[in-house]
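Below: the structure, in structure tokens.
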Amino acid sequence: MTPLQILDMAHRFGRRIVLRRVTLRVEPGECAVLYGANGSGKSTLLSLLATRLRIQQGSCLLGDVNLQTHGDLARRYIVLIGHHSHLYGHLSPMENLLFFRDMHQVAADMDALADAIGAVGLEPFAHQPVRWFSAGMKKRLSLARLLIARPRLLLLDEPYSALDQDGVSWLNGVIHRFQHQGGLVVMASHDPEKVQPLRHTPWHLHGGLLQSVTESHRC
Amino acid sequence: MNRLLAWNRWLGWGTLLLLSACLWMVFHVPMDYQQGNAVRILYVHVPSAKMALFVYLILTLFSIWYLWKKSETADILAEAAAYVGAAFALVTLVSGSLWGKPMWGTWWAWDARLTSMLVLLILYVGIIALRNAFDDTVKGGRATAILAIFGAVDLPIIHFSVVWWRTLHQPPSFNQSASGPTITGPLLPPLIWMSVAFVLLGMFLLLLKAREIQQRRTLDAMELERASHA
Amino acid sequence: MLKAIYRLAWKDVIADFRHRSTFSSMLFFAIAVLLVFQAAFEPDPQEAQRLVPGLLWSTVLFTTILGLGRVFQAEEENGALEGLLLAPLPRGAIFFGKWLGNLVLSLLVMTMLVPLTLVLFNVTIWGHVPMLLLLLFLGTMGLTALGVLLAAMTQTARSRETLLALLLLPLVAPLLIAGVQSMNSVIASGSLTGPWLNLLLIFDVVYLALAPWGFGWLMEE
């Protein structure tokens, strides 16, 4: 099992500096939760970890894979569930998962896909276009990807938004199992209460710097 | 870059001086026995055609530099180059058409060189339009740089296809002009000096435009800063 | 990786037949363009035969632009483009997937366009139809390769459809010339050789090699 090591990472958009200097180490089975105001750079950091954004300064290692130089390889081990569901409205849940499976080159047969859809409670809608789904249903479907992908690093951007009570506890269960198997989780959130049941390390992102929560409380 | 911009005023005066000297020379060369006074238009037409192409080469180099090094200076110079190049291409087309009327009897002929130049002008306009269609300068800069490089690859293909096409269909009477008017003897030195003057003019305009773009971007950045604090 | 490219193209083609119907709008737009040409030129059969290459290529060009305007429409919904870029694939593979989907739809339109044109303009050169189709297919490969790249380039820009046409038309000038000239020689002599065919192939090779690379730079952030 492999740790995630972020070393002195900085990022700017044009002239605007978003991250000044971020250093973070996440051990297998650990869940790092990023708190911070809107625009504090949480999503930018997650996009950098997902190799969606090119690393401008500093370095990031997932095990021995360098995210900066081996993005294509690193993406095999990373799944990001973000603000956007990345779903295609004209495809059914089954087809969306099939698409995800082939794009991510995951080994999973049709039964596994059907099981994943059943696990998020969308079985009755498995063959209807996603377009008409509610925000919560879309969220559940995008989370169903976790069940077939089995990543090493799981990146979650506001995973609890649009989920009901049952959804939250189901998701916490999934994350808990994932942690137990030695997976790495980095999550951005605004809901300390919903994260509470999880074993996690809280961090605070402010002014482009990452501080551990106990430290920032002292300030 | 800022120091370079400060010297640009002197470059401007130098260009003006050389251009006036060249114009004096152009009006003192003997008339061409075939083309008459119209030959004098060529002293503007030929250098600006060369510059329109040369500026595209520079634009391509700045674009590669920008994609490679992410340098904002390269991006600003690339943006400025598109305007300067478009201006030269336009001057080439207009002067070519003015020359064509007494020579060919028409304002416009689908001559291979004129057609390529027209495509080049549309390409310049496309590059400018693409840049202006983005609010985000980084995104706009990257898209424009890639387009410019694609254009650079395409331009030789365009040129050769147009040449093949026109030589296939050209009525013989135009053939002479398609191969381009040749200037020799006492007519040549003013052309060389004029070309030098146009290179200076191009540099001056490029830096002038670059300064304007730089100032506008700084203002935009300040505006954004203020908006985000408010 | 081939599976991913296939799946991406499959997704776009399925989408089109289920919902967005780019195919049928392209086809009827092509018919409308032919109608415009007929009204504008009123060619007699002999003139029409001379005009056929030009008619076909200009119609193909306009229809392709219409189709290209929608290439990344599905990706705008729910941030799906980001989803594609998160897949463990080289950017080039994503480009080829999008290109293949667009190519299939364009080729379907062209297959119907050629006989339609001959019927509507009363040109009886049915023996040349396979050759004409082959030339259109060859041209469309390069045309859509460049077009999909430009569609990606203008996707987040303002007034993108106008911009797409403005950028595409000058760059495909060689393709148009080569396409029309090679069709002329097919209709005149029935043979498919010569420099124009080579130019068509050069255009295809250059753009199929460069466009994935350009797409990679474009998606780099």
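Order as written gives the chain letters A, B and C; numbering starts at 1 within each chain.
Everything that follows uses one rule, which is that a residue touches a chain if its C-beta (ideal position, glycine included) is under 8 Å from a C-beta of that chain, and two chains touch if they have at least 3 such contacts.
Since this is a predicted model, take the numbers as computed values, not measurements.
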Report task. Counting only chain pairs that touch, give me the topology of the graph as line, ring, star, complete or other. Result -> complete
Query raised in the report: If you tally the C-beta contacts, which comes out ahead, A-B or B-C?
Result: B-C
Report task. Find the most central chain, measuring centrality by the gap between its CA centroid and the centroid of all protein CA atoms shown. Result -> C
Report summary line: Per the C-alpha means, the centres of subunit A and subunit C lie apart by a whole-Å value of 38
Query - Separation of subunit A from subunit B, taking each centre as the mean of its C-alpha atoms, in whole Å - result: 50
Query raised in the report: subunit B to subunit C: how many Å between their CA centres?
Result: 31
Requested in this report: Indicate the residues of subunit B shared as contacts by at least two other chains.
Outcome: none
Requested in this report: Identify all positions of subunit C at which a residue touches two or more other chains, and write them in rising order.
Outcome: 220
Report task. Could you pull out which subunit A residues touch subunit B in their complex? Result -> 13-16
Query raised in the report: What does subunit C use to touch subunit A in their complex?
Result: 1, 3-4, 6-8, 11, 14-15, 18-20, 74, 77-80, 82-90, 220-221
**Report entry** Footprint of subunit C on subunit A - complex, ascending
**Finding:** 50-54, 72-76, 78-80, 82-91, 95, 98-99, 102-105, 129, 138
Query raised in the report: For the complex, which residues does subunit C have touching subunit B?
Result: 146, 149-150, 153-154, 156-160, 163, 166-167, 169-171, 173-174, 177-178, 181, 195, 199, 202-203, 206, 210, 214, 217-218, 220
Query raised in the report: In their complex, what parts of subunit B are in touch with subunit A?
Result: 136-138, 221, 224
